[in-house]
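Questions regarding the structure given below will be posed in turn.
Chain lettering (A, B, C and D) follows the sequence in which the chains are written, and residue indices restart at 1 in each chain.
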């Protein structure tokens, strides 16, 4: 078992290890229930509008094996969810602070390298 | 106009071919590090017709490799100060590796 | 007077590139230019390791870079993505990634690739020193 | 041959030259990373595949041993970053027995004069 380094979540009786910034230690641990638990722990509520974006992100990662920067995220959301939602202001409202970062963390994508 | 820098020997894979494809009128080629071996007369890799008069070798790197007395006459010998002067003359430089 | 950015891909001691870059920087400054940024990428990130300990009769590349940073106010920027993969991290990144040690100290600074793009766009010259 | 120097909008584009094949070294991945970051910052970016870099585009690549990530998903992602100009040296394809039909993305080929003209026309470029 991976030693939970900093913070653990318990989801359906299972321990899920997260690092000091709240990212999953093992991406295989991700499930929709884990995402809900992570969000709740961060004081966020995931509505269907949030889930649409998380699914776009997971699809993006499946296709390209990388988490998108903000611009390509907006483009991906526009392609899947339409012009109205494919706007950075819409994503900012759903995931305040940094949509590309916060949403990627909740979607179970790898921790970004602070490269931008 | 571009200053091209090359650090590999002329016998290494494909670099000289790609460099020559990219070499335009008015460009200059400076041989540094192991690229200095291309300064030997008759070294394979460089097409004399393309680069005659527009090619130099870095003095310190040629000297440390025992090449200084052997440099082909069409090739200029340039010291580190001259290298910097070349970068003043050429707004762009490309390093091939 | 021109402003220069140097891009260093070469690891210290493995190839000549890091030394060529240092000598170029010193020669450029001697001619009155500013070497504003050195960006370490690829294996070049190892130049930033504070744990470098070469024999006393060889040039100490880490110290030479540091001196350049201190005397010429050259920013010594290390790509964080390339560094993390290779164990080149500062205290902040070590904390972020739950690592027990770190290997980078000022004047070296971990930054993103965006700083390289910025250097390419804003300096008069960019010279690359490959491995 | 396509004229590489005409488009005024491209004269300030950043040209990333990719000369290394996938998997054997990190050059290709690290070069594409620079292209992606520049594009994420809103900079116009073009890629030129020269030398062994043309192998980056070969159709049918997969992940490597020990699950080493490939670079082909990164290349497919280029369009999401609005990187659309992909130049390939025709002579370097010829030298390797390849044609554009072997490549995974639509590209514009350049003859040697075109390669030199492209290099000369772009004030900002980096080779990986």
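Structure notes:
One rule holds for everything that comes next: contacts are C-beta pairs under 8 Å (C-beta built on N, C-alpha and C of every residue); 3 or more make two chains touch, one makes a residue touch a chain.
Being a predicted model, the structure only gives us computed values, none of them experimental.
Connectivity of the assembly in the absence of chain B: the other chains, held in place, remain one touching piece.
More C-beta pairs in contact connect the chains of B-C than those of the other pair, out of A-C and B-C.
Ranking all chains by how far their C-alpha centres lie from the centre of chain A, first place goes to B. The geometric centre of chain A is 33 Å away from that of chain C, both derived from CA atoms. Between the CA-based centres of chain B and chain C the separation comes to 25 Å, rounded to the whole angstrom.
Rounded to a whole number, the gap between the C-alpha centres of chain C and chain D is 27 angstrom.
Inter-chain centre distance (chain A to chain B, centres taken as mean C-alpha positions): 50 Å. Contacts with at least two other chains are made by residues 33, 37, 41, 124, 127 of chain D.
Across the assembly, chain B contributes 91, 94-97 as residues in contact with two or more other chains.
Residue numbers of chain A whose C-beta contacts span two or more other chains: 115-116. If the chains shown are joined wherever they touch, the resulting network has some other arrangement, not a path, ring, star or complete graph. Interface note: chains touch in the pairs A-C, A-D, B-C, B-D, C-D. Partner chain D is touched in their complex by these residues of chain B: 1-2, 13-15, 17-18, 21-24, 27, 91-92, 94-97. Residues of chain C that touch chain B in their complex: 2, 4, 9, 15-17, 20, 23-24, 27-28, 30-31, 33, 124-131.
For chain C in complex with chain A, the touching residues are 79-81, 84, 93, 95-98, 112-114. Listed in rising order, the residues of chain D touching chain C in the complex are 14, 26-27, 30, 33-34, 37-38, 41, 43, 124, 126-127. Per the touch definition, chain A reaches chain D in the complex via residues 60, 63-66, 68-72, 75-76, 115-116.
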